[in-house]
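Pasting the structures here.
Next, two complexes with subunit A in common: one pairs it with subunit B, the other with subunit C.
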Partner chain A sequence: MNPSRRNPLISMLWDWIGVVPFFVFITAFLIFPSLNLFSGAFKDANGNFTFTNLNFFTDSYVIKSYITSLQVSVITSVVGGIFGFMVAYAIVLGRTPRWMRNILTTFSGLAANFGGVPLAFSFIATLGRTGFITAILKNICYNGADGSAVCPFNPYDNGFNLYSLLGIVLAYTYFQFPLMVLTITPALQGLKRDWREASENLGASSTYYWMNVALPILWPSILGAMILLFGSAFGAFATAQALTGGSLALVTILIGQQIRGDVLGNPNEGYALALGMVVIMAFTIAGYTLLKRRTARWLKV
Partner chain B sequence: MKKLFKIDVWAWFWGILALLYFFLPMYGTLDFSLRMQKGQISFLAYQTVLADPQFMESFRYSVIMGLISVSLSVILFVPTVYWIYLKLPNLRPVMEAITLLPFIIPVIVYVFGLIRTFSGPPFELTLTPFKTDILITAGYIVLSMPFMFRAIDVGMRAIDVRTLTEAAQSLGSNWFQVLFDVIFPNLRVAILSGALISFALVMGELILGDFLVRPALGPYMVLVGRDHAYEPAALAIISYALTWVCLGLIMYFSRGKNTQQLTGR
Partner chain C sequence: MSFLKLTNVYKLFTEIPAVEDFNLEAEQGEFISFLGPSGCGKTTTLRMVAGFEMPSSGQITISGKDLTYVPPNKRNVGMVFQSYALFPNMTVAENIGYGLKASGKPKAEIKQRVEEMLELIHLGNLGARFPSQLSGGQQQRVALARALAIRPQVLLLDEPLSALDAKIRVELRQEIRRIQQQLGITTIYVTHDQEEALSLSDRVVVMSQGRIEQVGTPAEIYTTPSTEFVARFVGQINLLPIHVVDQPAGLVKVGQQPVRTSRSVNYSDEKALRLAIRPEELNPGHREDANNLTGVVETVTYLGSIVRIRVLIEGNSVLMDLFNERRLRLPAVGESFELNFDTDACWLL
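What follows is the complex of A and B.
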């Protein structure tokens, strides 16, 4: 009947049989394609092993794309991180009415999931050339000295352009700060009331408490959450593609162009480009995991 | 007292700023989507979108692919996670790490790998639409894996897998009955959460459909966004409504637990 009763070896194999479908699937459709791609990074056109593909990381076009991607990711994770932290603070510790806290929490859960093409459309409808905020600002006019209308607030006359790095930062922030709210809220909830009371009893001001008690406890969580935001921006493609039509050369956009038409002129260099991304992402997730482990001891309830 | 007042202002300031950031783009999109007819509010943009046969086709395609890949994903994950809880608890961290891989490998890199591996001989999975659909289904399952695993893992942790299994077996159930009559019903909410979030992900997915050249909703939206002004806003509203319904249902079914981020950006 049950083979496990008979032989320890068969019993062990029997124990593993239930996970075979999953591992076969994952190997076929995730592990194998990924390794296959990365191995391409170390092959030349004839399939021989080589490191020359990595040389093109000195190519100015490639370097520029990495710099742009890093810029976008760092800016949005820091801006979104600080903004999100403040919002989480308002939700958890601020004396705001319940309805506001509920709306903020619910919308963070929703907006952290927004992204992709629709988000780009929303920002075009809001801050694009004919967007509604643009229209409002454009129509703030007064009559100048010569009688002609002067409209000093048109953002597009003042150097603003949605279809640029700044636009991407604005759009990414839409999902970045709610993501920060979601990840940092448990840490803020873990701040014990006793700590604040103890420091107040010892004569500490609010600022002193934050600088010397709360933030030192929170900083691994904050840094970890920001690293998570960094990763979420670094791998993003759809929003940037739909917003700028591929004119802003992020690494993801460059990889997309490489898949479509081998713009680098060498498929193997494309694989190296992709490998570079994964290496950065791997470091990112490793950093996040380490910091999360570090905070776990404080946040045990 | 003065200090308390100051803290309130601070919290209000950030709260209101966040609400503005949430609502202004939503309002802008809605406003824009209703202004296709000059000088008046109308649903013309929505009518145009809904009357476009290409929209209907891509919507249908994404719904069908979503249903297929979510069903397969549930069938793949529930037994696997169940088995790990029952027989191989040491494997759980390994599986958790594997299911997080789609966060480390950006989707654009992943699709690059799929194309390099499966488009040439011996697989040639991109030659016919049907074969490509097999590939894209596998891709959707992989992309939704972190959410599906998390949801089922949380559900599985909440029930006593071993006791339930032993009880069912001592009453004469076979493995199939244990899974479908005992484990599945006990995981209803978890499976539903995982399924809804994965479905929402497939509906909003751009990269797989775009680069494997299948008529999914994401590529259609990009196409419309390139040539039209008002229809994209209407499409965005439709897409948000879909996501909100899916996530709203999850929140309704699993009150108290938080959802995680999902979309392939």
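What follows is the complex of A and C.
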């Protein structure tokens, strides 16, 4: 049958049928859980409406967990962002050989999705107290003045602890920087060679071009990628849980403890904590939008 | 002494020659076009003048100064790109002032120069707009103003009109010529459009496979092409196989039909010789004081102001262009047809 002669209602339904699975998925696994979370945050154990769960935010342990989560997220998104940008630059604009670019791109695709328990164990196996890199460093020794062996490179004697904030930052950076590589690479590819050449042709140095053309053009993409990294770190749970065994106060670990019920056991307070995270992410995204509007007026026209 | 000089310039890309033995001298204020098909090396040569490509050997000088290995940002050469290459994050005024700001010129001087440039390109009221708010033609004018704002020694234009529609292209090329003549700036213009090259230039450099085929004024290039490539590439041409009857007298034959040419007949291989005639040099009918050829009409094509008639003569298709006058009598396909042309309208290639 000629499509133009089909009943308009059937035609419209036919056009929309392809997106039905998407809407079913979104409803089942995003909208419904979110509504459940919002309503749960304002209910007591008996299902009655209450604001008491919000009192939980005045608890110093909860405040500390938010601060630690924010610290980890900000540090790893900035460090991962800078590191990832440099790698993406090398891939797209650097003069690295093609085989190297292929390796970096493939590695980024894998590493960005390598989180959770396997990542935690790989870090424990390398930088844990008995990890093989720790063992190598521990065994680099020389003879001291009195003839005894001096081994100055044991990281655990020099303040390093994998099972601490620093360890979490290291582990998170492992998947943060490849994530930055994957998200910023298309933006770097969008920088036209003609812009750089026009800038050079007009007498500008490379630094001047980057400060006045390339970075301002990339700025919205960089900000967007950093927000993604922030959200990725802020919501991560399994890596931190496996690495620290829940000893480090992160909001996600605290939510896990509240919902699982083995230590604290108040799911509604867990919902309230999750609501707090949603609010923080909402503010972050609002800040990003505002900043983007101010710095990239040209995108609005 | 010539202002811009390219001497024995070669460019190899992984051992494949892109430009070979390129020699050119341009005078101050001259407008020169590089004309040729894609991949003939015209843009590579332009990019070597701009400093974006380094010659594999040879020398490039401007005003006597050797710039062969000088970086692009130290050359003071303005370039207009095919893609406009305007910075999307800057307004029109900021784009035009970019080069002046980069070189640390005072704000007042930048403002004055930007206003001058906006007036020059007739976009005085659009300084605050972003490139995305302009049409293609307006964007290319801004790109031109930006390149001129730094007062370059030489202006380079790399197929600046190829992304624009036909009407705007004609308007803008007149604009480019006006501005070039007003400023008296030495200009190199890269194009594959023969009409553009012929209408704009003081001299045209026709290129093929990395080499110069011919350098000359538009009239020289069109009326006396030195190679078959130039003859075929610039305008329409009929090339008919001939055999020489009387070399000193300039008498040859196309099949069995005699043709006399007033130009000299010099050749080494008769089989490679071709009689060249432009379609517009051919006239219908018989004339006693001219060359006459007879054939059969193959097609008659109406092209608006011109009617193109294809005539089969001694096994060769010959094109003839006639002005579409009201009294023009068009022959029918299959009809026997005689055409004539002057002895100095044809030559041997």
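Convention: the second predicted complex is superposed on the first by the 231 of 301 C-alpha atoms of A that agree within 3 Å, B and C clash if a C-alpha of one lies under 4 Å from a C-alpha of the other, contacts with A are read in each partner's own complex, and residues count from 1 in each chain.
Here is the rule we go by: contacts are C-beta pairs under 8 Å (C-beta built on N, C-alpha and C of every residue); 3 or more make two chains touch, one makes a residue touch a chain.
Since this is a predicted model, take the numbers as computed values, not measurements.
Contacts of A:121 after superposition: subunit B is touched, whereas subunit C is not reached. Using the contact criterion defined above for the overlaid structures, shared-chain residue A:40 touches subunit B, although it does not reach subunit C. Once the two complexes are laid over each other on the shared chain, residue contacts for A:22 go to subunit B alone; subunit C is not touched. When the shared chain is aligned, subunit B comes close enough to touch A:173, but subunit C does not. Contacts of A:142 after superposition: neither subunit B nor subunit C is touched. When the two complexes are overlaid on their common chain A, residue A:90 makes contact with subunit B while staying clear of subunit C. Touch criterion met: A:198 reaches subunit C, while subunit B stays clear of it. Of the two partners, subunit B and subunit C, it is B that touches more residues of subunit A.
Judged by the touch definition given at the top, the superposed model places A:238 against subunit B, while subunit C stays out of reach.
Put simply, subunit A uses no single residue to touch subunit B in one complex and subunit C in the other. Partner subunit A is touched in their complex by these residues of subunit B: 3-4, 7-8, 10-12, 14-15, 17-19, 21-22, 24-29, 31-33, 76-77, 79-80, 82-84, 86-88, 91, 95, 98, 100-118, 138-139, 141-142, 200, 204-207, 211, 218, 221-222, 225-226, 229, 232-233, 235-236, 239-240, 243-244, 247, 251, 258-265.
Across the interface of their complex, subunit B is touched by residues 15-16, 18-19, 21-22, 25-26, 28-30, 32-34, 36-37, 40, 83, 86-87, 89-91, 93-96, 100-101, 103-104, 106-107, 109-127, 130-133, 172-175, 177, 179, 182, 206, 231-239, 241-242, 245, 252, 255-256, 258-260, 267, 270-271, 274, 277-278, 281-282, 284-285 of subunit A. Per the touch definition, subunit C reaches subunit A in the complex via residues 50-52, 71-79, 81, 83, 85-90, 98-99, 102-103, 129-130, 132-133, 146-147, 150.
Residues 192, 194-195, 197-205, 208, 212-213, 216-217, 296-298, 301 of subunit A are the ones that touch subunit C when the two sit in their complex.
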